[in-house]
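Presented below are the structures under discussion, each in the form of structure tokens.
Heads up, the next two complexes both have chain A, just with different partners, chain B and then chain C.
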Partner chain A sequence: MIDQILFWFGVALLFMGGVLDVIASVGMNRFRNFYLRLHAATIGSIGGGVYPLVGVAILVLGLDVPSTFKYYITGSALISALIVVLTSPAGSHILAKAAHKSREVLPKPAIVDRLKEKEVNEE
Partner chain B sequence: MVKSIYAYLIVGLILLGIYILYTGSVSMMELILGAIVGFSVAYIFTDEWIKKPSKLNLRRLSILIAYALKYFTVIEAKAHWSVVKAILSPKPSLKPAIVRVPYRVSDEYAIVTIANSITNTPGTVVVDVSEDKKALFVHWLFAEVTEDEEARKHISAEFESWAKLIFEG
Partner chain C sequence: MKSSTHAAISVTVALIFALTVAIALIKLGFAGPWVTQNINLANMFLTGVPVPHSCCFSASPEVVTSVIWDERGIDTFYETSVLFLAIIGTLYVLAGTFKARPTPEGMTLIVRVISKLVAPIIIVVSLSVALHGHLTPGGGFQGGAIFAVAPVLLLAGWGSSKLLSLGFERDTLLSLRVTGVLLIALTGIGTLIIGLLKGVNAYVFLNQPKPQAPIGYLGWISTPWGNIVLGGTLILLNIFEFLAVAAGFTLAILAVDSSGGGKE
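Let's look at the complex of A and B:
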């Protein structure tokens, strides 16, 4: 009974991650600006990366396999999820900062750009 | 030599725990190897990582776990839903802007926690941090307000109160 619940809960998380990945790639194509695409990429890395990894960790616990494999897969999936959570924001943060600093892409359209105001004031 | 034996033991045990979780077995071999690697890494880095060992206690750890649980269920679900709606609607009503969000914490871990929490929720990405003015510059997809304090209320007030409980005080 508990095996069934764990298995289907993991499958649900995996399925949700797949759907979110598809939506994120649609967003990558529909948003026409670098900064807007960063938000779609966040959906891809958190909703489409971390949740499926947690799903795999839970799913394996409900399977009928030798416990060595079980705990090995669960443990490495959980650690991978933790590493993605801690490092993926650093990646998008440095991409956004580099794009803004080099003025390679302008954040247009934008209502206000406080960072540009600050840079202009300092110059 | 490490400054605080207590912090050294805690960091070493955390690293050993991560190693055991990763390998998924508690045989003698893994325990010995994990202890050797974990405690040597802890010997090098503890002074760098832990500035105030008295802050390491169970109360802060339990608040951190409560925050992680709330963040990965309620907050992430709300943020994902709003951006998914914007992607799938035929004419999305986007108001992109880079707003200034002031913060009132001084601990480095707290600042990183706030910045990572903001970036990990879809719809907000931290572009730059100004440490002398104590403000984060956030690219916001649905900028309803552009004033500093109002934006802080919408984006980071909740993360900041949790980070304050976990890392400060």
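Let's look at the complex of A and C:
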């Protein structure tokens, strides 16, 4: 019973990851500027990377395989998920910051730009 | 010439070269969809390395590491020396002493905290890759190259003053490097010295006893719970190579940073 629940929960997470990846790729093509696309890319790496990894970790626990094998895969999948969770937001954050600071891409339809206000105030 | 002409010429040369190699491999019978057998050398290593009492037994299940450090160990030692000299050249050209740069401005709290959190994880992964080099794919060079990512992250997030305060000094790194390379050489000629003292035959970079050379390194430790595989010289050489490569890449990164790569 518990094996079935674990297996289908893992499959659901894997499926959700696939859907989020499709959404992210649509966003990557449809969004208009760099910052919006960065948002879509982060959906791809968190939604399409971390959810399937956690899904695999849970799915394997419900399978009928030797337990060393099970825990090996669960452990490595969870650690990979943790590393992606830590690094991906920091990476996209500093990309956006660098793009703004170097004036390479201007946040064009913007209501308010606090970073720019801060820079102006400092000068 | 315009740059587009350059690009066209280089692409054409690369394509012609690739085609020549492909045609030569097919003509010699090494490649193609109809080739289903390994070449004899590959079969020799694949069937010989894991089997005790064969000519190329390495006491390790990992064939690639065995071939790199055992069958052609002296070649790998020369590769390590090439890297050693390259880094010495980099230091000679770029930097006298390392400058302690403060934390670069523009780096936010998010990046700093994350780089501080991730750097230890990277170091653990690199140690695991290096210490399991005789069991799984990987090894000293790969582990050392992974290790060098941690100083890069800290350098980007915190500046070189942080690295220097953590003990990544030039002299420490240099001595680690020299120690690594020297210990690799000593491991390589260790059997030779023991063979000379005992009066038996031995080879350079000898791992396990061979038919003509009856001495070798400790291949595994037997415990009541099972054997701990050491792989003879493989684990030692992987550890020393890890030391040399990790310290070398960190030195190169610090040298590039203090030669004016960052902002003053």
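In the analysis below, the second predicted complex is superposed on the first by the 123 of 123 C-alpha atoms of A that agree within 3 Å, B and C clash if a C-alpha of one lies under 4 Å from a C-alpha of the other, contacts with A are read in each partner's own complex, and residues count from 1 in each chain.
Going forward, contacts are C-beta pairs under 8 Å (C-beta built on N, C-alpha and C of every residue); 3 or more make two chains touch, one makes a residue touch a chain.
Quick caveat, the model's predicted, so the values are computed rather than measured.
The superposition on chain A brings chain B alongside chain C with room for both. In the superposed pair of complexes, A:35 makes contact with chain B only, with no contact to chain C. In the superposition on chain A, contact of A:74 is made with chain B only, not with chain C.
Of the two partner chains placed by the overlay, chain B and chain C both lie in contact with A:86.
Contacts of A:94 after superposition: chain C is touched, whereas chain B is not reached. Draw one line from the C-alpha centre of chain A to that of chain B and another to that of chain C; the angle between them is 90°, to the nearest 10.
Put simply, more of the residues of chain A are touched by B, taking chain B and chain C as the two choices. After overlaying the two complexes on the shared chain, residue contacts for A:11 are found with neither chain B nor chain C. Of the two partner chains placed by superposition, only chain B is touched by A:43; chain C is not.
Once both structures are fitted on chain A, no C-alpha atom of chain B lies closer than 5 Å to one of chain C.
Note: residues 86, 89-90, 93, 97 of chain A belong to the chain B contact set and to the chain C contact set alike, using the contact criterion stated above.
Here chain A touches chain C in the complex through residues 83, 86-87, 89-90, 93-94, 97-98, 101, going by the rule given at the top. Of all residues in chain C, only 106-108, 110-111, 114-115, 117-118, 121 touch chain A in the complex they form.
Residues 18, 20-25, 72, 76, 80, 83-84, 86-88, 92, 94-100, 115-116, 119-123, 125-128, 130, 137, 139, 141, 143, 146 of chain B are the ones touching chain A in the complex.
Of all the residues in chain A, the ones that touch chain B in their complex are 20, 23-24, 26-27, 30-31, 33, 35-36, 38-40, 42-43, 46-47, 50, 68, 70-76, 78-79, 85-86, 88-90, 92-93, 96-97, 100, 107, 109-116, 118.
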